[in-house]
Structures are given as C-alpha cells and as structure tokens.
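Each of the next two complexes has chain A plus one other chain: chain B in the first, chain C in the second.
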Partner chain A sequence: MQLVRSWLNKITIERIQLELMNTAYGSGHASLSRLDPRCLLIWYLFFAIVPWFISNLTVLAGMFLMMVVTTILSRVTPFIILVLCLGLIGQVGWLFILSLFFGGDISSALPLLKLTLKLSVVSLASITVFSGMDPEKISDGLLALGMPAAFSFSLSYGYRILPVLFEEFRNVLLSYRLRGKAPEEPGVMYWRMAAYYLKLLVLSFFPLMLATAKRSRTTVEALETRGFSYGMKNPAAKKLKLAHLKVSTRDIMFLSGSAVYVSLLFWISGRL
Partner chain B sequence: MANQSNLYTLTSSQKMMIFVLSMSLYGLSNMFTELIPALQLGPIELSVEYFAFIPLTLCMLFHPVYAAVGASVGEVIFGELMLGQFGGLGELEKFLTFSFAMYVAGRMVRDPLNRRQVGIAAMTGVIIHQLCSALVDIGKVWIGVEEFEAVPGLAPSVVIVEGVSFLNDVLFSGTLFALLPTLYLVPRLYGKIEPLLGIKPRVKSTKYESAGVITPKVVITGIVLAVVAFVAESLSETDWNFGEWDSGFEDRFGVGAIWLSLAAAAVIAAITIIIMRARAEKRSRNSGDAPHA
Partner chain C sequence: MHNTATESDLAVRLTDVTFVYPGSEEPVLKGASLAIERGSFTAIIGGNGCGKSTLCKLFNGLIPHYYVGDFSGEVEICGQPANTQNVAELSRMVGYVYQDFDNQLVRPTVLDEAMFAPLNYGLPDYRVMGLQALEMCGLTHLQDRYIWELSGGQKHLLALAGALSLSPDILVVDEPVSQLDPQHARQVYEVLRSLNEHYGKTVIVIEHHTEFIADYCKEVCLMENGQVLWQLPVADGLNRLDDLARLSIQPPEVTQAAVHLSSLLRKENGAASHDQQDWPEDADGRGLSSPPESAKCMPGLHPDNAPRLGQDEVRYPVTTDEAVAYFSGMLGGRADLPGAHSSSEASGGHSRPGSRLTESGPEDAQARPIVEFKQARLSYRTIRRAEREVLRGINLSLYEGERIALVGNNGAGKSSLLRLIAGIAKPSAGAVEVMGEDTKHQSIEQLSSHVSYVFQNPEDMFIEDNVYKEVAHCLKSRAYPDAEQRISQMLESFRLESLKDRDARLLSGGQQRRVSLAIGAAVLPHLILLDEPTANLDLATREELLGTLQDLEGFVRTVVIATHDMQLVQQWATRVIVLTDGTVAGDGSAADIFADHHLISRAGLAPTQIMDTASRLDLHLTGSTPAEFAQLVHAILTGKEVPHHAACPQLA
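Moving on, here comes the complex of A and B:
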C-alpha cells in the first residue's frame, strides 16, 4: 500500500506537464532522431503492419526485443511507458480474467499472450518513431511521403501547442477551484470529490473553447501570412521545404540491419 | 439571391480554423481521459471513455465535416501517437466510425437553440459510434485469436465484456459526458464562438450543400465507411501465417512459405507507399497549373 501511495504521489499535474514538455522538445538528442524521417517512417510502416500477420511466438518475441532496444535508444520518458503498460493490461488483462471465470484455464493465456506481444510490438514501434523524433522532422517526413499538408502540420502543431494548452487549462481549473467550494465530506469511495472534479473538468472547457477559438484563428492567420495553403499546393515550394531531407549511409545501415535481423528471426523460427 | 446568402459557404482558412480548433480541444481532452482512472465494480467498469461533448458541440455549431475530421485527427495525434498507443492499421476503423458518428450528430441539428434536437442528436452520435466499435471489437477478437473456438469461455466473455462496455459508454459516459455538457454548452457558445473565427452563426434556414438530414448520400457513405473499417480491422488481426494456418503447408514448402508471407507483407507496404507518392505527385501536378484552385 505504501508503495502504491508513493507511486501515486509522483503523478501530479506538474509532473505530467514536465514530461509532456520533454516529449515535445527534448527528443532532438536521441541517437535515433538523427536518422532520416522518411526511412524511419517506412521502417515503422513495416513494424506496424507485419506483426498482425505473424503468429509465431519466436518471431514475435524477437521483434519485441528489438523494439525494446530501439525504444531505449529513443530515450522515451517513463511516463509514456507507464501509460502503455496500463493500456495493455486494460486491453488484455480483463479478457483473460473473464475467460478464467467462464471455465477456461491457464491455457487460454497463450493466445492472449500472442495478442499482447503483437500489440506491444506495434505500440513500441510507434513510441520509437513518434516520441523519439523531433516533431518537425516527422511532419516533414510525412509530407515527403505524400500525407496531406493539413495532417502533417497538425502533428507538429499538436506537439508544440499541447504544453501551452495544458498550462491554460490548469489556470482555468485553478480559478474555478478558487471561486467554487469543494464538498466538505468526501463521501463513500470519494464519489463526491470525484463528481466535483469531473464537473469542474467539464465546465473548464467552456472558457477554454473560446480561448482556443481565438488561438486557432491567430494560428491560421499566421499560417496564411506565410503562404501555407498556396505553398503546399505548389510543387516548387514543397520541394524547397523538403530539400533538407537526405538519405545517408547511416539510414541505409539502419534499414538493412533491421532487415537482416528480421530475416534471421524467420530463419531461426523455421529451423526450430 | 436571398436563397444564396443562406448557403453555408466557408473560405479555406475558415475550414482550417475549425479543423485546428476541434483538433486541439479534443486532443487535449483525450489526454485527460487516457489518464483518469476507471472505477471498477466487479466486471462493470465506470470509466470516462471520452469527452464526446467537445466534437458534438463543435459539429453542431460549425460545419460538421471539418469539426468531425479535426476531432478524429486530434485523437490520433494527442491520444495515440504522443502517448505511444497508436495501433497502426486498426486505428482506421476508430477514425472512420468516430468521424461518421459525429458528422451525423452535427447534421441532425437544424437549430442549435432547440434543446430537444441537440439532446437527441448528441445521444444518437454516441450510440452510433459505440455500436459500431463494439461490433468491430467482437469481430476483431473472433478472427484475431486463432484458437478462438478451442479456448473455453473466451467467446461468451468477449461478448459480455463488449456488451457491458457498450452499456457503460452509452448510459454512463454518454449521459454525463455527452448529453449534459452538450446541452449546457451549445446554447451558451452559440453566437459567441463563431465570431471569434470570423464566421456568421448558423440560423434555422442555413443550408449545407444538401438540405435534408438523412439523405441517401449520407446513408450510403456511412455503410461504405463501416464496411471498409471492418475489413481493415479484421484483416489486420487475421493470422495469415502459412506455417500455422495449415500444418501440411510448411512441410511441403518449408521455410519458403514464411518467406512468401514476408514478401507479401513487404509488397503491401511498398504498394502503399507507391500509391501515396503517385497520388501526391498527381495532386501537385494538377495544382501546379493553377496553384490557386
């Protein structure tokens, strides 16, 4: 119980905000972020699709190991790993417990373990690419691969605006708390407190919506001043924007290394 | 001419504004809902599934297409990519069903000040989305776990988990986080938020491209999108590994079968990239002649 409490104390809004800032700005120094974003996205496309079609435990476990290594290389914050673990437990854990309840035994864990492995390979690949790389680089890579400009812009905008929005939301929430009155008794299982905070959470979106409307107008005006929609429809402008993307030896080595490793996995599983 | 003035037309920057607004707000709320712990009462889970009131409100006040697509993109970027929960191909189904449900809800409202209309539309939006995703989830596990029939107790447990979560999402999240906040927000924001984006508030006579609420076009698009989503989902979880699918296959073809499946996956990936590139090139060439178009 003590352990749980000390864990919960670590999860505060300030800490979450700090971690988000770290995700948005602190990823430039990771060794994987020096790779060409197009190569990394193609690499990701492979690991996002292929695991679904594989049911061999050896291959999946090997891929999982590789993903763990790349995730460590991309220096992801522990907060994101925690969220991932909670999500996996939520998705698969309940299914397992209920199938035990309906007369299954430990053997029902094996197919579910495969599902978990698949899910975690795909998730870790996306963490490696999307949390370990500079948002501008990802967005340029997506643009180069032909995604719509609105989406690739939204991606880098989202990473940058989130800490700001979060700060603003906190201020609104705090001012509501200052003016309001918290329930005197927490109630059974803190339901009164939970209801109070959830109500504040919803109410805070009223001023936030108006403020965000203003901000999005400013954003789009700034974009159009720099010729966003004209430039993105003009091939010459797009080419100029993406001219800095170059495939180097490092990228080729990374891709071929991954390919060799994966084929090795298939070879080993074929021999077993 | 009077008829023309009521047609709901937007400039491209206004569309972009609605998109950005919806994306950042719903994205932010998605980060919270991912983090709020769920209250478990046995197998019944009282959880805050999502803050559906944000896209619902925006779809009712602005053009529903841009608000709905913006919210889905926001969910993908903030709730999935940034938190590392992106499930690859499977997200396509979520994206489509959610955009479609929000769009239908937005189209059902003619007059944002009419509370009954707003309430019915909000609940319909939530029910459409939850029904689609519950059905897809059941199908997903059915096809995805290859020993499905063999594992005792898995089939009823999947149906029960999904059914309970559907009821929870509609009755609990749907009422508290879709119906009530939407009823509160839409009349209050109406007339206040539109001028901030430089858009005239919509009135009863405001028409989108087509006037009716449920036109054949909307219905057909919905069905097509749902089918595409389901096929994408089930394909993504099918075990197409030849080695396990047919034990005799591996003996005859050996490791070659596995290479075949690997090659198939590589070809699919390559074709996706080629199509994306070709389309991008075509688009840029088309607009290269007339960049303003």
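Moving on, here comes the complex of A and C:
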C-alpha cells in the first residue's frame, strides 16, 4: 500500500504537464528533428498504415526493431514509454484472458503477439514523429502537404494553450478539493479514493470549458487584428511561411534507407 | 478638443460616432468625438462601462467591421477614412494590446510570436521586423524562450512586441497596470514612453491609475456615458476633481493630499476668525487638543499660495516631483525647524526591523502559533528539467488575531508560502505545522476546514452555476448541520443576496471578489489566506474590498494577505512580512518596515506617492493616506508639531 501511495504522490498534474510539454517541445536536440517535416510525415504515413496489412512475423519484428531505434533517436521521455507499455499490456492482456474464456489456450497467444507487434510498430512510429518534431514543424509539414491553414494553425495553437488549459484545470480541480470532502477510508485498493478523483475529473470539465470559452473571445479578436485571416487567403504568406523547408540529402538518405531496410525485410521473409 | 492641427497631423479623428452592439438596445457610444495628434501619449479614463474599450476598438476597425452593430459617424486613422479599409489594413497602422494579454499570445516561442503578424501579411523581411519589435521592448535576450516560461510582465511586453511588429503609427494598450504588479507595470510604462519619445509612436492607453497617467502621459481624455467629455493636458485634466469624483476615479495621492491640506487650511482660516471650538474635531484623530495659533501670521499657509491655473482655479500637484516642489514651497520657511531633518536619521536608527520580530513573535509569549514554519523549503521542477527553489528555509510563526501582509516582488515566493500553509504544496524540506499538526500528513480536504485559500483570480474558484451554490458547495458537501443558516449569513454579510441566482462568472470584478471571500469565509476557518485581493480591481471596488475585509473579521481571527498594494498594507496590516528571493527579509509593523528604505528597495516594493514624497521631504510619517500626510504638513505649518516626534512618539 505504501508503494501505491508513493506512486500516487508522484503522478501529479504538474508532472504530467511537464512530461507532455517535454515530449512536444523538448526535441530540439533529437537527431530526427533535423529532418524535413514533410519527409518525416510521409515516412510516418507508411508505417502507420502498412503494418495493418502485413501478417508476416519476420517483417513485423524487423519493423519493430527499426521503430525502437527511431524512438530512441527521437529522445522520448520515459513517461510516454511507460504509458505505451501499460496500454499495450492492458489491451492485449485482456484480449488473451477473454480468449481463454472462449476455449482458447496458449496457442491463441501467437496471433495476439502479432497484433501486439502491429500495434507497437504503429505506436512507436507515432511517438517517433510526434516526439521527434515539435508541433511547429508538424504544423508546417502539414501545411506544405496541402492541409488547410486553419487546421495546421490549430495544431500548433493547441499546443500553445496546453499549459494554459492545464493551469486552469489545476485550479478548478483544486477548488473542488478545497471545498469538497474526500472519503474518510481509502477503501480496498484505494477504490474510494480512485472513485473520488475520477468524479472530480469529470466534474471539472464543465467549469474548464466555460473558462476557456471566455478566453477565446480575446484570442479570436487578436488573431483578426494581427492579420491571421488575411494571411490565410494570401498565397504569398503561405509561401513565406514554408520557405524554410528544404529537402536535403539527409532526408533522401533517411527515406531511401528506410525503403531499402523494409524491402530487405520482405526479401528475407520470402527466403525463409 | 478642437484641434487646429491639420488633418495629416492627426493620428485619430472621430466625429460624432454612435455605436450599438448587436443584440443590445442601449448605444455604447453616443456621439463621441475625439482628435488625437500624432506623437501624443494619451490616457483615456472613465468609469466602468463608459465605452472606453469600445472607443479604442474603433481605431483598428474591429468596430464596425468585426462587430457589426448600428454604426454612425466618421472615423479617420492617420488621415484616411476607416470605413473603406478592413481590419487587416487598419491593423498595419494600429497595434492593439488587450487587457487580458495572455490570451493574445498565440505562438509557442517569443520570436515566433513577434514575427506572427508580418508573416501573415507575407512581408519578406518578417524576421527582421520581429527582431526589431523585440528590441524595442527589450526582449531580444528572450527570443528563444517559450511563452509559458515568461513572467506576467514579460508576457505583456511580448504582446506589445507582437503589436509593434508591423511598425504601426498608433499603439493602443488596454489597462496595462491591472494585471501586473507595480514593478512590472512601471517597466511596461517605461517601454511605452520610449516608444513614444524615441520611435515617435502615438500611444493611447486606457487607464484608471492616475499616478501612472501623471507620470507618463501627456494628455488625458475623460469619457462619460459614451461621450468624450474633455481632452486636456494631464496636469489640467487630473485637476478636474469634480469630474473625477463623480466617476469615482481617484486623483493621484499627492493631489488628494494637497486638496486635503488646502481644505484644512481654509477651514482653519475660517475657524480662526469665527469659531475656535471647532478645531479639535476638524483636525485629526491625533489629539491636537489645544486650539491653533492664529493662522493669519503663518507665512505660506494660505491655500491660495498654491500655483494658479486659469481664473480662480488652484492647480494641485499630480506627480511626486511636483508634490515635492509644492509642499517644500509651502514648508519653505519652516524646513529648518528643529527635528524636521533629523527624522531620517531617526528612522535610520531602527531600520532593521527584520531581526526584531522574526524570532520573538508578539508580546504574548504564551500564545500558541496557528502556523509554524520550521526551516521550510520548497522547490519546483521546470520545463527544462531543472529544480528551482522558491522558498529557502523559512522560519515563521503566525499567531491568532494577526492581520498579516505578505509583501515582496514577483517570484519572491509569496504565493508559494500561502500554498504551503493551505497544504496545496508540501515542503520539500523542513516542516509546516498548521494548528500544531504537520501538513505532510494531512490532505488538502482535511486542512481546508481550518484554512481557507482564496485565489488571486476569483474566476478560478467558480465551479457552480450560481452564487448561492458557490457559497453552499463546501458546507453541503461536508454536511455542516447549520449549512442553510450559515449560507444566508454569508450572503447577507457580503451583500450577495440580490446576486444569489446569478452565475458568478458573469459578475463584475468587485462582485466576484466578494463571492470569493464569502466562499472562503463560509467554513468559518481559523485562518484565511488571500492572494492579491486588490489585483485588477478598479479603485472604487478596492475601497469596497477594504470594507469587506472588516466584515471578514467577524468570522475569521487570522488573515494573511499576499499583496503588492502598499496602501492596503498601510491601512490594514498589523504585521508585515517581507519576502525576497525565497527568504524572510523583514518582519514587523507596517511603520517599521516602511521606515526602512533600504529594505523597501531591496525587496523591490513600490512605495506609494505619499511615502515617496514624505521621504523626499524628510518627513517621518506613520500613516500613508493622503489625509494623514496633509495633517502632518498642516501640523508643521501651524507650528504645532515637530515632525518626527509627532509621528514617532516612542522617540520623543
């Protein structure tokens, strides 16, 4: 129980916020961040879709290995990896237990392992891209690939107001706690406490939305006065914004390297 | 208002503008006319809801292009009619900084934010423009920082830089002081002044802090009921005392003191000739029991010796400099009174109050402290994965019945200290005991039945959809037996009965503040903690708050306020704790603390105009209100008082 308590103490909203912001913006030194965002997005598109259609374990395992390497290169925070592992174990774990109920045995673990591999490849690719590039680059990349300006802007703005939202959320939650009543007994496995906090999380949503709505009025007006809607209709502005994007030899090497590696995997699996 | 300047010399010209917001019946602007010359530094003042912000939104075309209401009249910006241009075009000439400037920042890093507008306009040298704007605002060294790493003052300057990046001729700033502490506000005003003087920008501020207007602006224009009542040079405008009083705008402190003094002198002249019996109650509470000597023989005593303005109007000082000249002129013949100069040495003699009270606490040694800090430290993790220590070994005891003001500049650790008491943060080393129990072993919920924490921003406390439910929330959730009775008591004490069915988020600033105090007081805590209760309140509301604090004393024995408001400290606190850089730098009575000029400047506190004037005139003043100041000067003039003896009886 002491262990649970010390864990619970570590998981604070501040901590989560810090980790998220670090994941998003702390990628300045990652070697992947020097790649052109368009290339990285195309690369991601491949690894987010193709694994679903492959059932060969060798290829999947090879892809998985590659993703592990790129994930390390993107300098992801341990927190995100932890969340990923918990998610995967939870997801596949209960599927396996369910399969046992329906007359499955240990052999049903193999297809589940395949599913796990697919999920891992896709998730790790996502982590690579979203942690290896900061939201600004992703937003520029999307704009360059033809996404509407409003969409790519909201992506980067979403990250910008994340700390503001967290702050607001923390205050609302604190207000509930300062004026509320926690269960006197924590209950078995702290279920009462868990239920109490979950209830607060849900309740906090409504005040949070109202506060945000009030803020956005100034934001929208300010965007107008700073030529945002003017810039959206102005092709020159878009061109200027994206002028810094350049495909370099590094990008070509990254893409072709990935392509060679994947074809190699297919070739090996055909041989086996 | 009727300028003779040619068209092209005008930055802004409004002629007979009337505007009704869509969905509203009542016009916000009713035939407003205004002409602001290029290169001026103009303040727009007026009561709440008089249309100040609406007026300024005309300048960049948000009205009538963005808010499409009923609009009539003419607007010209830099000599060009505004109705033929859209918001984007007008915005190249007019930069706008909002009151809630935080919501105006839309990009993640400082440089991105500064380049945002030129980039939107597709200007090839956007980077240079952004950097230039940062340079003007003194933010160049922060260009790679993320917005959320900046302090409030830096954010305001960045909003300013963002508005400046297109190098507009006109800059509109809505209430720069209201969201900033005095030090940062002054920093922002210094930047505005340099923009005005060195870069030739026309600066228009909406402001109701007349001290700032007096120090920085050149022109002031008063709005009432959607009209521009007058537009005058600052010194003249701030002397229109009747108009200001009617709209509950407080003139600068030194002006109030001068007015007060001249009315004292006038009364005395009357009293001396007719009825000497009136004197004692007219003078002050200091117990000047003997009637004054005849006032007629006092040189420089007649109020009409003040510099004159126009026909019969007396012109009072508005800035500290003017006040020093004004009062020293009056005191001129008396400056060499015995004791008049020794006061500063006297105050220097006991200028280290910090060491005096820190350990010992109040006289009653038996009293059990409500809160005790034992070598408490607190550190936070920052986004760059660094630990930042905000409190470094605090030792303090707070006792029942004290009214404690916690002062210090931003980042000194005031809020952190309050959060430790409320148990919202736990000390990273050392201990904090509340009611004799270590906060480490108590949850926020448990602690909050003894300690109420009232947020700086009342809106952050609102979690229900009407005032009644807000006040009731805690009492109901903790099932207090006398909940109903207490709720009605609170609603009554804080004058909220008529508002109880309204959503607290939609109330005015002062009303919101009252709701937040009622929420805090409802559990009848032993201790209530208020974070910046006077921040962003206009002055009338602030006066009201002082009354509310008195009401609070009926319910709570110990109150701790973290504040920048030195007037509040002087008027209210019985004990002042000065924090600098996470340590306690001073602890004592308000008079002790304010006598220590070295401490004041080290702690980055902003002395009020009166405190400043008094210290420059070498007067030792116990209080800080303009009335007290006027009484002191009056007493010296009438020869009744040797200044520092009157102010500091213990030294006599």
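Following the convention adopted for this analysis, the second predicted complex is superposed on the first by the 245 of 272 C-alpha atoms of A that agree within 3 Å, B and C clash if a C-alpha of one lies under 4 Å from a C-alpha of the other, contacts with A are read in each partner's own complex, and residues count from 1 in each chain.
Going forward, a contact is a pair of C-beta atoms (placed from the backbone, for glycine too) under 8 Å apart; a residue touches a chain by one contact, two chains touch by 3 or more.
Note that this is a predicted model, so its numbers are computed, not measured.
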> Clash or fit: what happens to chain B and chain C when chain A is overlaid?
Replying inline: fit
> Is A:Trp267 touching the first partner chain B, the second partner chain C, both, or neither of them?
Replying inline: first
>> Let me test your reading of the model: by the given contact rule, A:Gly187 touches which partner, first (chain B), second (chain C), both or neither?
In response: neither
> Is A:Gly158 touching the first partner chain B, the second partner chain C, both, or neither of them?
Replying inline: first
> Which holds for A:Gly257: it touches chain B only (first), chain C only (second), both, or neither?
Replying inline: neither
> If you stack the two complexes on chain A, which partner ends up touching A:Phe130: first (chain B), second (chain C), both, or neither?
Replying inline: first
>> In the overlaid three-chain picture, which partner chain does A:Ala222 touch, first (chain B) or second (chain C), both, or neither?
In response: second
> Between chain B (first) and chain C (second), which does A:Asn22 come into contact with in this model arrangement: first, second, both, or neither?
Replying inline: second
>> Quick check for you: in the superposed arrangement, does A:Ile80 touch first (chain B), second (chain C), both or neither?
In response: first
> Thinking of the overlay built on chain A, is A:Leu174 touched by chain B (first), by chain C (second), by both, or by neither?
Replying inline: second
> When both complexes are superposed, which of chain B and chain C contacts more residues belonging to chain A?
Replying inline: B
> Upon superposition of the two complexes, what minimum C-alpha distance (Å) separates chain B from chain C?
Replying inline: 5
>> Considering only the contact definition stated at the top, list the common interface residues of chain A for chain B and chain C.
In response: 157, 159, 210, 214-216, 219, 221, 223-224, 229-230, 234
>> Per the contact definition, I'd like the list of chain C residues that touch chain A in the complex.
In response: 60, 62, 66, 86-88, 91-92, 94-96, 98, 100, 102-108, 112, 116-117, 119-124, 126, 146-148, 162-163, 166, 380-381, 383, 385, 422, 424, 443-446, 448, 452-453, 455, 457, 459-463, 473-474, 477-479, 505, 519
> What does chain B use to touch chain A in their complex?
Replying inline: 12-13, 16-17, 19-21, 23-25, 27-29, 31-32, 34-35, 38-39, 43, 48, 51, 53-54, 57, 73-74, 77-78, 80-89, 141, 144-148, 151-154, 156-158, 160-161, 176-177, 181, 185, 188-189, 192-193, 196-198, 236-241, 243-244, 254-255, 258-259, 261-262, 265-266, 268-269, 272-273, 276-277, 279-281, 284-285, 287-288, 291-293
> Contact residues on chain A for chain B in the complex?
Replying inline: 16, 20, 23, 42, 45-46, 48-50, 52-56, 76, 80-81, 83-84, 87, 90, 94-95, 98-105, 107-108, 110-112, 114-115, 119, 122-124, 126-127, 130-131, 145-147, 150-151, 154-155, 157-159, 161-162, 165-166, 169, 189, 194, 198, 201-202, 205-206, 208-210, 212-217, 219-221, 223-224, 229-230, 233-235, 238, 262-263, 266-267, 269-270
> Can you list the residues on chain A that touch chain C in the complex?
Replying inline: 14-15, 18, 21-22, 25-26, 134-136, 156-157, 159-160, 163-164, 168, 171-172, 174-182, 203-204, 207, 210-211, 214-216, 218-219, 221-231, 234, 236-237, 239-241
